[in-house]
Amino acid sequence: MERIGGLLATHPQRPPDPALIEACAAACYEGAGLCVACSDACLGEAHVADLVCCIRTCLDCADVCLASARIVSRLTQPSPMLVEAQLMACAEACRICAAECERHAAMHDHCRVCADACRACEQACRALLHGASLA
Amino acid sequence: MERIGGLLATHPQRPPDPALIEACAAACYEGAGLCVACSDACLGEAHVADLVCCIRTCLDCADVCLASARIVSRLTQPSPMLVEAQLMACAEACRICAAECERHAAMHDHCRVCADACRACEQACRALLHGASLA
Amino acid sequence: MERIGGLLATHPQRPPDPALIEACAAACYEGAGLCVACSDACLGEAHVADLVCCIRTCLDCADVCLASARIVSRLTQPSPMLVEAQLMACAEACRICAAECERHAAMHDHCRVCADACRACEQACRALLHGASLA
Amino acid sequence: MERIGGLLATHPQRPPDPALIEACAAACYEGAGLCVACSDACLGEAHVADLVCCIRTCLDCADVCLASARIVSRLTQPSPMLVEAQLMACAEACRICAAECERHAAMHDHCRVCADACRACEQACRALLHGASLA
């Protein structure tokens, strides 16, 4: 999602300090994409039965991250309470998914990469929740 | 989404009392679909400039409802904290979107229908959050 | 998706004969929801390793159906060529997913229900492609 | 989507030459994200009534690109005919959306950036369709 910052920079209702928003949107898209890919990589492993919980959690986390990415990257007349509620859900989903993927990280590199993306997304959501950029 | 209950009834990991889950999944899908359709109907109105906030809110609510619908309709090894966090976000998004659509309900029937669906979805999310079905 | 027809009936740019559009939108949403639920039910089966192809196909079909449902249910200034291209992809995805689910229908009721929904969605897409409602 | 290539590199069923697949997945995610952001930027413009068609087209293109991105980034037991059908729809959607955004590119920078992303996505879809990587 290299150009998302470039596009948001041209938005007619761009807030004065959009750095946290742009970082969060990019991290949520990254989390959504990597969780889809990790769930599929788990599905392709020989011992798929051992990875059922990881697949399920990645699918959920992908859905939460995607909704969050789309919402955060909209700058026109946002509803702060709606954004805040979804970011809290996203931080929680990423925390849970990272913990699950980390259990398999030594065995499966895709789980390690996915866990890193989830941790980064959790932090970006919390940074935006605690920052002033939503105001 | 007439058959979703029928499919969930055949799930190998169906919980003992799935009524609240099935109702919530159906209400979230309904909310997601109607918010997309209402945002488009608003976009097609002659006075679209008066409906910018409604379009934006419907698009956000559609994203939150869709993520919630998909997560709730998965019964295999759910993560209760992830489900709970997303349902709280969904109840909040639906409350906000219903309130916005109700402002235009006297003028636009699609906003009235959408507000009703959002209220029903909010209630279904809260019922599942407060029920025992997640355990 | 009981109210989608009700909402589309109030759309300011509703075409003169929206029956095929409304039926297609409802069938695509149904296909999307049931494919998500079937992929999860397959994931919860004891012999998940035998259902990897079915899970993968259902996940793909859910994505195609969802995109189609959202596009078809938008009535404001549609692009006929874009709609047609996506409906062709959706009919193909549903055909393939129905065939895969039917292989497991005798063993797993959720695959039977999902296959039925995919067949219905394929037919609704083809009916809209061949109808005049897009004009 | 910086890490998607990194994750796909660890996939247990990675094809021998995944370059076109990885490029297509990244371009589709980029197209999906930028079309959502452009539709919102258009919605925030003072003359939103002049941009109704652009908003509608971007919303459709975002849906098609997202479905395509998710499907292409799954490497486990893909269905070549399903992938091909969706990529054809995606190339068409991107072609149409790029043309629409280009009409506003001189006036609105976000339309220019979005059109560039759509053109890149169209090309990546066509490259994968014509390449041997699906086999």
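The first chain written gets the first letter, and so on, giving A, B, C and D; residue counts start at 1 in each chain.
The working rule: a contact is a pair of C-beta atoms (placed from the backbone, for glycine too) under 8 Å apart; a residue touches a chain by one contact, two chains touch by 3 or more.
Given the structure is predicted, the values throughout are model-derived calculations rather than measurements.
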Interface residue identity across copies chain A, chain D - same or different by half: same
Longest centre-to-centre distance from chain B, chain (CA-based): D
Between chain B and chain A, distance of the C-alpha-averaged centres to the nearest whole Å: 21
Centre-of-Cα separation between chain C and chain A, whole angstrom: 27
Of all residues in chain D, the ones touching two or more other chains: 40, 43-44, 52, 56, 59, 66, 70, 74, 76-77
Touch-based graph of the chains, sorted into line, ring, star, complete or other: complete
Chain C - residues contacting chain A, complex: 40, 43-44, 48-49, 52, 55-56, 59
In the complex with chain C, residue positions of chain D that touch it: 52-53, 56-57, 59-61, 63-64, 66-67, 70-71, 74, 76-79, 81-83, 85-86, 88-89, 92-93, 96-97, 100
Residue ranges of chain B touching chain C (in the complex, touch as defined): 1-4, 6-8, 10-13, 25, 29-30, 33-34, 36-38, 40-41, 43-46, 66, 69-70, 73-77, 108-110, 113-114, 116-117
